[in-house]
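Working notes, beginning with the structure itself.
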Amino acid sequence: MARISFESDYIQGCHEKILEALVKTNMEMLSGYGDDCYCHSAKEKIREAIGQHDSEVFFLSGGTQTNQIVIDTMLDSSEGVISANTGHINCHEAGAIEYTGRKILSLPQYLGKIDINDLKSLVIGFENDKNNAHMVAPRLLYISHPTEYGTLYSLEELSEISDFCHAHGIGLYLDGARLGYGLASYSTDVTIKDVARLCDAFYIGGTKVGALIGEAVVFKKDSLPKAFFTKIKQHGALLAKGRLLGIQFDTLFTDDLYFKISRHAIEMAELLKKVFIKHGFELYMDSPTNQIFVILDNSVYDILLEKVGFCYWEPFDADRTVVRFATSWATSENDINTLDEILGNL
Amino acid sequence: MARISFESDYIQGCHEKILEALVKTNMEMLSGYGDDCYCHSAKEKIREAIGQHDSEVFFLSGGTQTNQIVIDTMLDSSEGVISANTGHINCHEAGAIEYTGRKILSLPQYLGKIDINDLKSLVIGFENDKNNAHMVAPRLLYISHPTEYGTLYSLEELSEISDFCHAHGIGLYLDGARLGYGLASYSTDVTIKDVARLCDAFYIGGTKVGALIGEAVVFKKDSLPKAFFTKIKQHGALLAKGRLLGIQFDTLFTDDLYFKISRHAIEMAELLKKVFIKHGFELYMDSPTNQIFVILDNSVYDILLEKVGFCYWEPFDADRTVVRFATSWATSENDINTLDEILGNL
Amino acid sequence: MARISFESDYIQGCHEKILEALVKTNMEMLSGYGDDCYCHSAKEKIREAIGQHDSEVFFLSGGTQTNQIVIDTMLDSSEGVISANTGHINCHEAGAIEYTGRKILSLPQYLGKIDINDLKSLVIGFENDKNNAHMVAPRLLYISHPTEYGTLYSLEELSEISDFCHAHGIGLYLDGARLGYGLASYSTDVTIKDVARLCDAFYIGGTKVGALIGEAVVFKKDSLPKAFFTKIKQHGALLAKGRLLGIQFDTLFTDDLYFKISRHAIEMAELLKKVFIKHGFELYMDSPTNQIFVILDNSVYDILLEKVGFCYWEPFDADRTVVRFATSWATSENDINTLDEILGNL
Amino acid sequence: MARISFESDYIQGCHEKILEALVKTNMEMLSGYGDDCYCHSAKEKIREAIGQHDSEVFFLSGGTQTNQIVIDTMLDSSEGVISANTGHINCHEAGAIEYTGRKILSLPQYLGKIDINDLKSLVIGFENDKNNAHMVAPRLLYISHPTEYGTLYSLEELSEISDFCHAHGIGLYLDGARLGYGLASYSTDVTIKDVARLCDAFYIGGTKVGALIGEAVVFKKDSLPKAFFTKIKQHGALLAKGRLLGIQFDTLFTDDLYFKISRHAIEMAELLKKVFIKHGFELYMDSPTNQIFVILDNSVYDILLEKVGFCYWEPFDADRTVVRFATSWATSENDINTLDEILGNL
C-alpha cells in the first residue's frame, strides 16, 4: 500500500464531481479561449457568490501565473507592489514579479501578516520624501489570505487596510490560493463578499481546493487592466481549451461545492491537531486553517517521514524542526486514523 | 442537436483513454511540480519514441507559453530568433516573444515555410556586416511543422536547414503544436526521430492532438537552458499538479496512441477534401495535414456558418473568402457525413 | 596631418559656442537632474521655436536611448510600434525596443520612407481581424525625418500620415536625430512648427547637429507618458549633471544657431555632390539632406579609404558598392576642396 | 552673488584640465562609439592604475545606468543580486534593476554596509533550502564603497567578503560612484589595486569626481558579460561621441589627477567637520569621506537653507533633522570660510 501523505493540499487529483463534469462534457464541441458556455456560466455563478454583479472574472492556471499577470498589469512600470517579506511573490515564485519589471517593496511580517502601521509608515514615508521621483511608487498591496503560515486577517484588519489603501491611491490585491480554507475556518469573520467588497482584485484558488488546475481572478469593475485578455495571451497563459477551467469552476460554484469541501478540510485539520496533541507533539502555532505546523525532534524526523508524507518548513532550534501537515478537500477521516496509528507506534 | 463544427482541432475535450487515466489515478497521492511517477514514465516513453535517450523533456501547458519560454531561455538578450513572417510567434501570440525582450528577425514565407536561401542571405548578411555589433545576432531559427498553413518540410529541406544552422552557430527549434498530424500525413518522409535528431529543441503538441492541455518540450542534451526548471516557475508556467500533464503524455505515448489518433485525423481530412471536391468547392491549396482550406463564395459564407462551424482565414478576392476546416483525433466519419449532407442541401 | 573624414556627422566635438558656454558656466553651482536655469531656459526657447507653448520638453543623451524610452512609455505592453523595415529602431539599435517588451510592426520602405497605403492596410487589417485580441495593437507610428537614407517627407505626406494616425487612435512619433538637416534642406516644405503640430512626440537631435551629446524630446501636452521623469531614471538615462544637456540646447536655440549650422551642412552637402559629379562618380540617389550616397567601383574603394574617411553602406552589384559621405555643422569648404583634390588624383 | 552650496558633489561642471582637453581636441575627426584614440588611451591608463593589465574597461554615462547594465548582464534571469537594503540600487534608482527583470535580495545595513554574517546566512540558507529551485539564486553581491552613508569597508572586510563570494560562486560588484573619495580617505587601508583584485567588476565614478559625465566600468577578464558592447547599445547607453567619455577619463588618469582631486575633497571635508564642531553642531556620525552628516535643529533648518545649499537626509527626532553637506573636487577653502561666517552669524 502507498504511503499516505499530508505533504500539501495538491497531492491528489480533483473532486469527483469535477471529474464527472469533465467526462460528461468531453465530446461537446465548444469554442476555444474561454468563450464557451461553461466559462460563461462559471463567471456568472462566481459573481453571484461574491455579490458583485459587475465584476470581471478570468480563469488562469496557477497561483504564480496569476500573481505575475495581475501585478504586472495592475501597475505601471514606475509603480511597485508592497508585500510582507514572507509573501509568496517575494520568496517562492522564482522572481516572477521582477521578471516582468515590477519591484516588490517589502514589509516586516508577523506570522505571515503585515501590520498596518508598517504599511502606513512605508506609504507616508514615500509621500513625504522629496526625492520620491527617484523611487518606485507604492501603488498596490499584495496580501495572502490565508497567508503562507495559514493565518488570517480579521474583518476589522482587512477593512482598515482597505480603507488606508484606497485613501492613498493604492490598490488592494488578495492572493486566495487557499481562500476556501480561509473562509471555512472556525475562527474567521470574513466572508467572500467581504473580500470582494474590500479588494480591487483577488483570486479564488482552485488548484488547492478541489480543482485539477485553475484560479479564478476577480477584478472590481473599474480595476480591470487595459487589454487584459491580450495580456493573458502575451504571458503565455491563455488556454486553447478554456473549457477545462470553466467546467471546473462551474462545478465548484454549483451547490456551494467550493465552500463545502473547504469546510471539510478545516474539520480534518481540527482532527489532525487533536491527534498531534494527543500524542504529545508541540504545535508551532495555533493555525486556523488547513495547514498545521508541528515541532518535530530531529531524531524522529526521518523515521516519521518514511511512514507519512509531510513538508519541511524551517529549523526551530538545533534539535528540532518545524514541519507542515496539510489537509485538503480530499483528506479522509481514514487518513487521520492512519496517522493516529503511525504516531502511536513511533 | 448542437451544430457540428470543424472550427479547429481544439473544440473537444480529450481522448477517452486520457480521461480514463485521469479517473483511475485521481486519488493517488503524488508529489507536485512534475516530480511524480507519471511524469517520469511519460518522459521515458517520449525519449524512447524519439530515439534520443539523453534528451531532456519538460511538460508545459500551451503553445504560446512553450514558444515564449523556450525562445527566451535558449537566447541571450543580445540574440534574436529568425521566423517566417507568418510564424505563429510573429502574428498570433500577442507579442509574447518581444514581451520577454527577444527580437524576431522575420523571413519571407511560402505557404508558411521559409526558404533556405532567404535564411542564408539573412545570416551571411549579418556575419558580413561591419556594424553587426549594433544588431541582434541571429542565433535561433523557429519553424513550425506543420506550419500555420498546414504545410510540411521534407526531410531533405529539414536536413539542409539543420546543417546550415549548425554550421553557423544557430539553434533549430521546431514548433510542433500539430506535430502528430504532420508525422501522420500521407505525403511526409519525416519521422519523429528525424525531428529529434535534426532539432536542438522542439515540442510535441498535446492540446491539439488528444490532450486536454499540454505540450512536451524536448531539448537535445547540450541544448538545455540553464536553470530551466526555475525559469518555468519564473514564467508562471509550473503546475503544482504536474501529474495532469504527465498522466496525459504517459497515455499518449503508450501503445502509439499519439500516432494512431493523428493518423485518424489525417484520414478524416482526406475524406473531407473529397466531400468538398464532390460538391464542387475549390480548395485553396492541397493541404497535406489536418487543416483544409476552402474558397467560399461570400454569398454562401453566412448560410453555411449557420449549419457548421469553420474558421475564417483570409479574403481571397472581392467575392470569395478562404476558410479553414480542421479535423482532429475526435472527428468521426459521422461528422463528415453530416457535412456531406449539409453541403448537398446548400 | 590627420586624414580628413566624411564618415559620419558625429566625428567632431561640438560647436564652438557650446564649448564657450560650457567653459563660462563651469563653476556655477547648479541643482542636479535637469532642475537648473539652463535646462529651464532651453526648454522655454524650444517651446518658442516650435510654436507649442504647452508642450513638455526633456533632454536625453542619445538617439537609441530616446527612441527606447519614448516608445516604451508611450505604449502599453499590449501595443506595438509601426516602423519602416529599415527604421533605425528595427535595424541598428540592437533590439533596444524589444528589450523593453515592445513589438515592432514593420512596413515596406521606399528609400527609407513608408507609404501611407501600406500603413492603412496594416491598421485597417488589424481593425477588421476577428482574432485581433491575440495580436499586438498598432498604436504608435515611428518615422524618421530625415530617414536613414537622408530622404524627407513632404508636408502633404506628413499631414496625411498624421491625420490617418489620429483618426485611428495611433500616436505619431518622429525620430529627428538629424532633424536640423531635414529642416534646412533646399527641397523641403516642412518647418519645425509643422513637425510639432503634426506629431504627438518627436525629438530634436543634438548629437549630430552641433552638440557633444544630447537630444531634446518634445511631447504634445496630452501625450506626456505617466511618470516620465521617473521612467527616465528607471532606464538609467537621467544625468546627475543635467546642465550638460541644458547648456547645450540653450546655446543651440539662441539666435537660431541650430538652424544656421544645419543650413551650413546642407550647403556643404550640395558642394559635395557637385564634386562627385564633376569627377564622374554616380550618385546612388538624389539626397536632399546631409548624407550623400555614392556608387564606388570596388577597385577604388580601398584606395580612396586610405585618403578620406567614409562609411560603407551596402553592396550595389558584384563590382560596385554604395558608400555614404556625410557633411555636418563642422564641415568646412576646405574639407570639400581637399576631397576634390583627392578625387582628382585617384 | 549666488548662494554657495554643499548640496551634493555634482553641482559644478568639471575639472579645468578636462575642459581644456575638450577644447583642445574638439575639431579632431574621430571614429564614433568609443573606438577612438582617447578611449583607448584612457583604458590603458586605467589598467595601469589598477594593476590589472588584462581587465576590460568600458565607459558609461551615469551610476544608475552602470548599475543597471552591469547587474543585468552579469546575471542570468534565474539569478539575483544581493544588496544592503539601503543600497542605491534598492532605493533611489526607480526600480532600474527590477525593470530589467532582476531581483534584489536585500540584507540588513549598518551605516550603509553589509555584515558578512548576514551574507553567509542568506547564501547558506539558500544552498540548504530544499525548495531553492523555486527561488532566485544569489549570484552577485552589490556593495557601494563609499556607501550611501559615506562609510568604507576595511581591506580585511573586503577580503573576507570577496573570499566568501568566490567560494560560493557569487560575483562581487562594487559601486564606486564616489570611489575616489573613498580611496583618498584618511582612514582607509584599501587601494584601487585592492578593489580591482578583489572584485569581479567595479566602476570608477567620474560624474561625482571631476567629470561632466561618465563612469569607467572594469571587469576582470573572465567576468566580462557576453556581447557586452551590443548590450550597452541595447540599453540605449552607447554614446555616438564616445570621445566625450574617453577624453575625460584620459585626463583624470593622467598624472594621478583623479586621486589628487579626490584627496582635495577629503581635505575640504575635514575642514568642514571642524567648522561644524567649532560652531557647536552635532555630527550624526564620524564620516570618513566627503559627505558630512549634521544634525540640525528644525528651527534652524530653513534659516540656514536660505544662505547655503545642503541636502535633506532624514528625520533625527521630532525636533531635529539629519542633513548632508558634501565637498567635492571643486570645493575651495573660500567656500569653507564662507560657511564658517554663515554659521557664525546664525
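The letters A, B, C and D name the chains in turn, as written, and every chain counts its residues from 1.
Keep this in mind: contacts are C-beta pairs under 8 Å (C-beta built on N, C-alpha and C of every residue); 3 or more make two chains touch, one makes a residue touch a chain.
The structure displayed is predicted, hence computed values, not measured ones.
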| item | value |
| --- | --- |
| Reference chain D; chain at largest CA-centroid distance | B |
| Which of B-D and A-B has more C-beta pairs touching across its chains | A-B |
| Averaged-CA centre spacing for the pair chain D and chain B, given as whole angstrom | 51 |
| Cα-centroid distance, chain A relative to chain D, in whole angstrom | 42 |
| Distance from chain B to chain A - Cα centre to Cα centre, in angstrom | 33 |
| Per-residue overlap in chain D, given as positions that touch at least 2 other chains | 77-78, 93-95, 99, 101, 133-136, 230-231, 233-234 |
| Chain D - residues contacting chain B, complex | 72-73, 76-79, 101, 133-137, 226-227, 229-231, 233-234 |
| Residues of chain C touching chain B in the complex | 77-78, 80, 91-95, 98-104, 106, 130-131, 133-136, 312 |
| Complex contact set, residues of chain B against chain A | 2-5, 7-8, 10-14, 16, 19, 22-23, 25-32, 61-69, 93-96, 99, 207-208, 212-213, 230-231, 233-241, 243-244, 309, 330 |
